[in-house]
Each structure stands twice: as structure tokens, then as C-alpha cells.
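Read through the structures below before going on.
There are two complexes below, and they share chain A, which is joined by chain B in the first and by chain C in the second.
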Partner chain A sequence: MAEIRAEMVANVWKVLVAEGDDVSDGDTLVILESMKMEIPILAEDAGTVGQLKVAEGDVVQEGDLIAVIE
Partner chain B sequence: MGVSRVLVANRGEIAVRIIRACRSLGLQTVAAVSDADRESMAAHMADRVVCIGPARSTESYLNVGALVVAAQGTGADALHPGYGFLAESAELAVACAVFGITFVGPSPEHIRQLGNKLEAREMVRNLGVPTLPGSRKVHTIEEAKARAAEIGYPILFKAASGGGGRGIKTVSEPGALPATFEMASAEARAAFGDDTLYVERYVPDARHIEVQVLGDRFGHAVHLGERDCSLQRRYQKVVEEAPAACVPPAVREEIRVAGATVAAKLGYESAGTIEFIYDQDSERFYFLEMNTRIQVEHPVTEMLTGLDLVGLQLAIADGGTLPVSQSDVVFQGHAIECRVTAESTEDGFRPSPGRITDWEPPRAPGVRVDTHCYPGYVVPPFYDSLLAKLIVHGADRAEALARMREALASFVVRGVDTTIPFLRDLLNDPDFEAGNVNTRWIEEKKLGRA
Partner chain C sequence: MTVLDNAVLGQQVAPQADPRDPQVRLQALFDDGTLRPLTAPHDRDDSGMLAGLGRVEGVPVVGFASDPRIQGGALGSAGCEVIVQAYDAALRERVPIVGLWHSGGARLREGVESLHGVGRIFAAMTRASGIVPQISVVLGPAAGGAAYGPALTDIVILSGDGRVFVTGPDVVRSVTGEDVDMARLGGPEPHSRRSGVVHMVTDTDAEAVAHARRLAALLGHQGTLRLRSVTDIDFGSLLPESTKRAYDVHPLLDGLLDGPAGTETGIVELHPKWAPNIVTALGRLGGRTVGVIANNPLRLGGCLDALSAEKAARFVRMCDAFGVPLVVVVDVPGYLPGLGQEWDGVVRRGAKLLHAFAEATVPRVTLVTRKAYGGAYIAMNSRALGATKVLAWPTAEVAVMGPVAAVRILHRRRLAEVPEDQRATVEAELAAEHQQLTGGLDRAKELGVIDQVISPDQTRTAIARAITEAGPARGAHSNIPL
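Right, the complex of A and B next:
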């Protein structure tokens, strides 16, 4: 199980997966936006999206949980 | 006429800059802020504050209706749009006119015409100013190939509705054209909702030289000299200086006159900037585009001429006559500006929003810092990453360089990562000192990307 957390304050610009989706290592899960830059958040392992804690338009703080890959 | 209260329709350092200019003219100010900027320096400084919407700029700083309502509700009789956001929106300028609010900028017609890059190029070419060889809109690969062959390689694809450097792609030879065409139109569609492209000659060894102009509604126009903004990263300016010491003086004078000619012949009102590409091989220059607003880097020109450009914009918008003629404009010494942004340069220029714990900008003779930051300020993630503009003035380029190095060395920021270490490295580079740079220098020589 891998927890994916935000590395910085950012807006959630796009959510590209849903809970239950199978993902591969390197797949883009979510695209954050901070200071006009897009920051893709990638899966670091293959697995299933167990939890998805963000929705488009949310603001995440540094350390906030974005998703759990099981 | 008679402007007395100005709505500041922007944020960050330029909102602070506009408020200072208003104060020195005895004008009242209203800061239009998003939810995220309620604790901003502009909000603290302004006489009144009005919230125009949520943090997201599409619902606040880019909302024409909210700004006009804010101006009316607070009794503001003028609106200054700053740069970025709606600064070059003809729609905002028209809305202001409809509701009897003085828009601090040029006419809606000039904003519209000059904002359309293809139309602007045609207008300027008709005034006898050199423009880059380029096409009208191209819709197919075959059309693009034919135009590129006429213009000559290397060429650039640019998005017809584009800006900010997005959607620009280079093609060095015909074989690479089809794939690049597809990529550029896909990017243009994603970024601007319009995949139309045009073709332009690409100048590999180029400097970006721009001319500051001012005009009034009575047909007076002057140039305030040029700025060299060749140090760029991803088409965003990083360091700007004036005068453009690396361009031969005779050519420099020609560029200045070309800029003044454009402003005068168009009957342009307010501050504007005419951007040129200078080809270092052929020593020729070409009109690129005109920006119909105050520029980020306007302090470089202020340091050189002693003029208050934002103050002059306000005076002109209020129906005043341009108080300077060309012979009154005197250029003294050399000025350099560095843009300090909240990015981690060691980590691929990753954005670095958050709380600034320590903020100690340099203080010294000939040093100016335009900023909205203070100790404890939380840099929000919603907007661009500019924290401060550090501007120095010296008797000559060598003195200005020395002052900038010293200013960068003593600039302390903690809590967020900044580009200060990167700027220190740039300013100490022998190539930069010698003037051996072009618009690709940062990406190719400093960051090692071809």
C-alpha cells in the first residue's frame, strides 16, 4: 500500500482516476496546479486506487493525502 | 473628468506599485482582492478593500462584471488593470467606458487590434517598420509547408490566439514540419481553445529588445528608450536591463525611433511597449508585438529616466497632456532588474508557495525593491510566482552589475524557495558580464537544454 501525499500547497486541477481503477507505475493520477505550473502526481507502483481523497477544484496543503494505491 | 478614486484591479507587487503612484498624486485607492488576498500588502495599504470573488482568478481577477460592480459600489471613478489578468482585455476597457469609469490604459480599439498578433504585424508593417517575415493563418500541413518554404527555414509555429510563450514550436527543416505542426496545433487547442497556427521566421541568435512608449489623446508620443530582455526561460523574462549596451548605438537609436513612430502614427494613448527581435548576425531588427499595458520591467526605465510611469499613466488617463517632450527625456547611467520568484531552482523550478518566515530585502544606494511580500506573508498557490523585482541603478553597466551582485548576495528569504541563488549565478557568469548572450542562453548554456 502506498500513500500519495501533496508535496506543496496546490489546487487540484484534474483528477484522472477513480477509486477502484487499476494503475501502472508512472501513471498520472492527478494534476495539481500551483503558481500557473502543472504538477502531475504519478503512481509509484502498480496497483488499484483504494482511496481517492481529492476532487477537482480542491486545495491541498503540504502533506495532505491525495490517494492510496493498494 | 477628474479622477479621484482608483480601483486597483490586480494583485501582488503591481497592486502595491499602483497604490504608491496614486498616493503620490493624492488619489484615493480601492484594492479589489480575491478571498486569498484579503491579508495582502495591497489590501493593507489601500484606503478601501473590496472582495471580488474566490481565490481562483477566473472568478475574481478575470471577472469583468465583478470588477465593474466593485468600482461602482465603492465610488471609484477610474480602474487601473496593472499587467496580466485583464490588462489587455478590450472587454474590460469597453465595460469601463459604458459605466463611466476611466480605464487607465489605451483605447479598447487599440487593445483589440494590437492584441491580435497578425493584425498588429500588418498594421506596423504598413507604418514602414520592419516586421519578421511571416504568414497569415495556416490551416493544413500543405499550407504550412508552402509558407515555410517561402519564408525560409528555420521557422516557428505560433498559436494565432496565443500568448505567454505557449504553443510556440521551432522547425529547422522541412522533414520535421508535419509532426511539429500536429504537436503545435494540439497544444494551441488545449491552451487557447483555438488550434489555428501561423508561421514566422525564426532568428536563432536573437536578442529581445523593447521600446517603452508613452502617448496622450492629443497626439503627443515619446519613447523612453529601450530595454534588453534577452535573458528568458520558457519565454518568460528573468533579467532586464537598459540601455541595451550590446546593440550598436546607431541600431539602438533606429529601434527607439521605430518604437516612437509606431506610437505616434497609431495615436496611441497611455504607456505601451513595442517588442522587437534583434538579429545579432545581420544586426537587423524586426517588430514582434506591442503590449498595451504597463510592463513588469517598467522600473528599469524609471531608474534610467527618473520618470514615474504609473503616475504618468494615471495623469494621461485623466485627460492630461503628456508632460514630457522627447528632448526632455534624459537617460542616465545603467539599470538592471532581476525577477525573484518562488521556485525551487534545484528542483526543476518547482513552485514553492507557503509562508515566508524571514524576508530581508537589500537596502543600499541605487537599489529598489518592488514587492508585496513581508515576514509572515503566505504566498498563495493560485497566482504567478513573482515575489519581488530587484532593480539597481549605476553610473554605468559595470557599477550596476556590481550593485546587483551585492544586492542579491544580501537578499535573505526563508520559508519558501526562491530563484535568488540562480540569479546570483547568472549575474556572476562571464558570458553575461561580457554580453555574450541571446534569448536561448539560459536554457542552453545555464540549464543545459537544447
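Right, the complex of A and C next:
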């Protein structure tokens, strides 16, 4: 199980997966927007999206949980 | 304990030999049959330390290894003396030195005498700092003095079973009550991602030693840049169309140097998972060792922050100390602002990168591929800091900030009066006007902060030529582990 957390304060611009989706290592889960950059959040392991904690338009703080890959 | 002489040390150890035997470990480090002991044979008693001179890809290198079978490899005064002698030899011969660590720290039984010995190792390492490359490979638990030893060296490699900590879980539990296991306290995961204590982690000892060999050869035999052997690659298609889109910089770096990561001539990335928004790597260009520093837009948008500035500063100073030319690949939207960064000391740590570049005398060539904004533009080896040459792709933007962000500040009142549905259009118009006024790349060229705008398919030769024209240089300073 891998927790994926925000590395910086950002807006959630796009959510590309849903809970229950299978993902591979390197897949884009969510795209954040910060510093006027679109920053993809990638899966670091293959697995299933167990939890998805953000929705488009949310603001995440550094360290906030974005998703859990099981 | 077997008494060994030169002839025995030079031979292959029998297959049933103990893999923890320092002789076996040193033989794996050196080219076959090249290990010669540095200490007299009778010194290999119970000191738990073995030192030798050998060759790595033909390059002379000094190595030493602790013996975890004797008191867990703990350092007594005799063992410490072996390491100090190894350092004296490396300095005398001006060759890289590689330490293979597996040691519980200072010997308790010897009391302050062992502490004094460990301190002498630290002093020897500091004396050699910036003069000869120092590489540490941690193959087992390395605590206390055995942790700070590697930490004082230029590059630390941690094998799967390696652990680095001030003190182990038992003492931690008894003094603070914290319950934590060895791997979480000082294993590959925390040190590769969180602490930055180690530069590389590997699954196996064999891989760790192979990395040490590669790095010793890169730093010990830097070679000559053969301009004629440098062929160009078109990097034009590597950048995404949208300037806001993040991308991974690694494919660009793989193409920029002589071979991709993982190959014999490929780049060796240091600290790949710690502060990954900046990439620091060694590799070869036209056969010559170079160091590469690159923003990676995939992580934190490529912003500089406290950790990445500190990581890059240490790398710049290491390369400068050993005369390794630098290639700086810039795509940076700025220094990351905010509470977390300020409290983390982004100003103090960011200043280290400014200092490191400004004092560096080694040839250092900057390539701006896309964004170079604000304070981060200055920090990424700008002309003002003394860059040898600043190259830019036609896609480069050099400015205090992006044009839209700039007009939102400059024309805040006027934009506030514009109805919301028209605001984006007006912003775009003002941004275009702002670009013309501030001049973009042409103005940067006029000012001399960019020397040359090059097509992406000329990148390799342009960088190689700039390094060649600059000639060799080397900073005269130590490499403090910043």
C-alpha cells in the first residue's frame, strides 16, 4: 500500500482516476496546478486506487493525502 | 586470523570465502589481481580493518574495508590508524579513495582511545576533501563514527542491507522510548527519500560496489573531450507544446551525454529520489567526465526550493573541487514560495547555490530550454554568477516572471475594471505588449546575459565546444557536506 501525498500547496486541476481503477507504475492520477505549472501526480507502484481524497477544484496543502494505491 | 602477504591478496579468494571478509570485498572493488595491501601483513590482526591500493578500470584507487566479523566491525584505535594511513596514501598518490563500511562505530572497550581514533579519521577525510575524490559504500550497519565517516565523504552509496544512523534502535528505545526498527531508522528508504544522507541506494552489495567503481573511474580518470566524437541529436520534440505542461527531464539528459542511464557510458544520477525537482548527475560528454544539473519540471514544477538548492550547491562544489565541468539545464518557474519553504530556510539554503556557482572556476555552460524566471534564473548559473557560456533554445523565456503574471501585477487596477468575460483576452494582449517591451530573448542577447540562441539539434556540439574553449580549471576548496 502506498500513500501519495501532495509535495506542495496546489489546486487540483484534473482528476484522472477513480477509486477502484487499476493503475501501473508511472500512470498519472491527478494533475495539480501550482506556480502556473501543471504538475502531474504519478503512481509510484502498480495497484488499485483504494482511496481518492481529492476532487477537481480542491486546494491541497503540502503533505495532504491525495490517494492510496493498494 | 590468517596472515596475508602480497601474493595471497592478489589472488582470487576461494568461492567458499566469507562474503563479509574485507579482503573479499576489496577484491570485488578492484580489477582482478590488482589489490596490494597498504599496511604490513602483521597489521591484519584484530584491528578489523584492511586497506589496499588497487585499480578500478585501470585507474589507481585506494580502498579500505572494515571487518564485521570482529566485534561487529567496531573501530578501535588500530583500525582507525589503518584508515588514516589509507588516506595518507591516497593523498600522496592523488588517487580516489573508496571506503567499504560495515561497523558498529567506536569500540566501547577502548573507551576514549577509540573516540580519539575515530576523530583522527574525520580529520584525515577533511584534509583530503576537495583534493582526492572520496566514495563510501555502506554494506551493513554503520553507526556513530561509522555513520559520520561516510557522511564526510563526497558520495555515499547504501546497499540493501546497509544502515546508517547515529545510534541503533536499542539505544534509541532506552534513551527516548521511541520504538523503531533499523530499516526505518537508517535504511535505504529514509536515507534515499527523506534525509539525503546517501546519494545512491542499491538492492545488492555487488551493485553498490559496481556504482563505486563507476564513480571512481568517472572522477579519477576524467578523460579528454574529443569534439569530433560528439554527434548531435534533435531534442526539439522533447518539450511539451504547452509551456505550462510538466515533463520529465531525464530523457533530455540521457541524450545530452554520451549514453543513457544504466549503460556503460551513461549518466549516474546522485540523490535521484531526494529533492527530485533538481537532477544532479555525472556522466561523459565526448568521452570527458562532466556534471549535469537540471531542473525537473515533473517534480514541484521544477521549482527550486530549500532542499534542491542545497543538493545542487553541494554537487556544484564537488565538481568544481575536482575540475569536472558543469552543464546546467534550466527550466525553472522560480523559487517555491510559502510558509513551509520560509520556515525550512529557503533563503539560507538557496543562498548556498548562489555562493557555489559564483565561486566555481570550472567551465560551466548553461542551457535554457524553457523558463528561467526570477531569483531562480540568477541561481541557475546565470551570466551574472560567472557562467562560461549561456545558451538558449528558441523556446526559452528569461524574465522576472511569466508575462501573464507580470501584467497581473503591473496592470492590476486596469484589469480589475475589465468585465470578467473579457479579462483573459485583455490579459493576453497586455502580456504580448509586455513581451515586446521587455524584449524577451533578443533583449537578453543584447544585454549579454545569453550568448547564443541555438537550435535544439545543435545542443551537444555547442555545449562541448564551449567546454573545450574554456580550457581546464579547478576550484581550490574543500567539499564540505553542505
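The rule we apply is simple: the second predicted complex is superposed on the first by the 70 of 70 C-alpha atoms of A that agree within 3 Å, B and C clash if a C-alpha of one lies under 4 Å from a C-alpha of the other, contacts with A are read in each partner's own complex, and residues count from 1 in each chain.
The definition used in the following text is that contacts are C-beta pairs under 8 Å (C-beta built on N, C-alpha and C of every residue); 3 or more make two chains touch, one makes a residue touch a chain.
Predicted model, so just to flag it, every value in this text is computed and none were measured.
Peer 1: Tell me the contact category for A:M8 with respect to chain B and chain C: first, second, both or neither.
Peer 2: Both partners, chain B and chain C.
Peer 1: Which of the two partners, first being chain B and second being chain C, lies in contact with A:V59: first, second, both, or neither?
Peer 2: In the superposition, A:V59 touches chain B alone.
Peer 1: Look at A:L16 in the shared chain and tell me whether it touches chain B only, chain C only, both, or neither; answer first, second, both or neither.
Peer 2: In the superposition, A:L16 touches no partner, neither chain B nor chain C.
Peer 1: Figure out whether A:P40 sits in contact with chain B (first) or chain C (second), or with both, or with neither.
Peer 2: It touches chain C, and chain B stays clear.
Peer 1: Starting from the residues of chain A touching chain B, keep only those that also touch chain C in the other complex, and list them.
Peer 2: 8-9, 34-37, 39, 62
Peer 1: State the interface residues of chain A toward chain B in the complex, per the touch definition above.
Peer 2: Where chain A meets chain B, its residues are 8-11, 33-37, 39, 57, 59, 62.
Peer 1: Using the touch rule from the top, collect the residues of chain C that touch chain A in their complex.
Peer 2: 242, 244-246, 297-303, 333-334, 336, 338, 340, 402, 404-405
Peer 1: In their complex, what parts of chain A are in touch with chain C?
Peer 2: Counting only chain A, the residues touching chain C are 7-9, 34-40, 42, 62.
Peer 1: Quick one: which bits of chain B touch chain A in the complex? Just the residue numbers, please.
Peer 2: 55-56, 342-343, 349-354, 380-385
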